[in-house]
């Protein structure tokens, strides 16, 4: 299973970092075979990559052309899309069986909407204090009236990790149906 | 000036069609040199293209790879991106000096968020009864706390057209600054 | 008809400029409705754009992300792909009913091979003294054993323009068949 | 080190399969840490993926949008670019520290020219009986007069594998210089 992670391009506060750490540990316990895909190696994305490597996840970083030359830690698989930020997000989201948004700004929200439009299961961490918390108020269930997939919101990162591992493999079959 | 139009991929009700017609007529009067860019030739997008051609606008249709073979009316410039729906939207939005959202679903909202993230002026028609009306409630001013550009909402299509033509040429300079 | 022009990213000698001028004049006479697509506004591509504008062609410039901010002359339609050089070439070639290579380096040759692989009619100007002259020796007829489309080589730019205008509209139907 | 493999989209004869097997075994012996990137899972590309998995290589398959739903073997990392064949090749080549062409048609040759244009080290297997054998005659040293990187041709797959592993890490530094 390939899990795409949408996360802030800037560093975040300690509370979110702590939630992210809990999420990753539970993910490691519940679906140890998962490969994680991130859209860069800076901000919260860098924090996720570093924590995931400590937990021995396979990690793929899907880089936009604007940052193709960022240095990645040993062992990370590098995809250099040659495409600007938003087009790089398309590669990230399409390559993911499910998308998990751990908090961020417009880029993170764009990836959530893209995943929805592609029919991928989407999980959003709330109560982060970041701009993406607005998604739950704006779109409590679905993004539009096509009702493609229900957006799942969680303020408990451990519960979210368990749901991702429990439901995702089943959902994948739908999303490519 | 190149004006990107985000619009529903399905047909819409007569009220929205009427608002769109008013918008285009006023646009033709206020900035007759504008070139219009659309992301397809179906649904509301087709309606916009057909009306724009009647008004003698230059029209560019930026096609996703899934619909590369759609037939376009004589005189329309066809860009075949070879890229799936969301990546095609990147080409559309980046090629636009301003983005105008005339109402739609997730695809339209993604284009609004992309334009914001790229620092382009964004104008959104409201009171359409379509899913994109949710944007104003969710993001009354800015999409995230970077406050890149203020989203401008209008329920009056004529006023919106005038604002697009009055402010856009100035804004362009900012967006590439 | 949309005619893609593959041309050198550097300036070329006076002989090639003269051949290009002849080609464009004859093209204007033989298929005045043609829209020309170029991949940039520098080197020989800039020369072609400037000459084409003098002849009142509609011109579209399809920009790579690395050069998104190049200034274009008034009246040119700008497509900002957000994609690096080679991916931008895909948009250029796919958007063209036929591809004409007026001489260049690796980029020009890549576009010729792309057009072949997409099944588009391809016309190559020879005797330019540029690297792309190697194509005729390497691939006198077809690029590979699938024999998708025969590459047409011309050392006479006027004859080439006439052939483009005579055969292209017919060929288009095949290439999307 | 990430090694991109350009290979035919159709099955090939037993001689080439045998050369490919020798290449991969030597590669496994000489640079066991290498990750292999392929552009699909059909034709010779499928053969390479299957052999590489037997040798316990990490394998990434970079899919074009036209074939996004091809089933991959367990353990392979899937990148779904959402981009058509040639744009997918850009992601493949840009993500590779070096490109190795094992024989093919226009698609393989396009990837060789792309790698050259990006300044990546390129290794081409010759005497395959496939269309890509034409490259050596056409471009014995360089693709164009910019002389970006010298194309390296080998009819001995074992020697080629050793050279890839010996020179590539050094070359990478140049290609992003």
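Here the chain labels run A, B, C and D in written order, and each chain numbers its own residues starting at 1.
Convention: a contact is a pair of C-beta atoms (placed from the backbone, for glycine too) under 8 Å apart; a residue touches a chain by one contact, two chains touch by 3 or more.
Computed from a predicted model, the values in this text were never measured in an experiment.
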item	value
Pair joined by more contacting C-beta pairs (B-D or C-D)	C-D
Separation of mean Cα positions, subunit D and subunit B [Å, integer]	41
Intercentroid distance (Cα basis), subunit C paired with subunit B, Å	30
Chain centre separation (subunit C, subunit D; CA means) in Å	28
Subunit C residues counted as touching two or more neighbouring chains	82-84, 86-87, 90, 94
Chain contact graph, described as a line, ring, star, complete graph or other shape	complete
Residue numbers on subunit D that touch subunit C, as the complex places them	83-87, 89-90, 93-94, 105-107, 109-110, 113-114, 116-118, 130-132, 134-135, 137-139, 143-146, 148
Touching residues (chain side subunit B, partner subunit D) in the complex	65-66, 82-84, 86-87
In the complex, subunit D residues that touch subunit A	2, 35, 58, 60, 62, 68-69, 77-83, 90-91, 94-95, 176
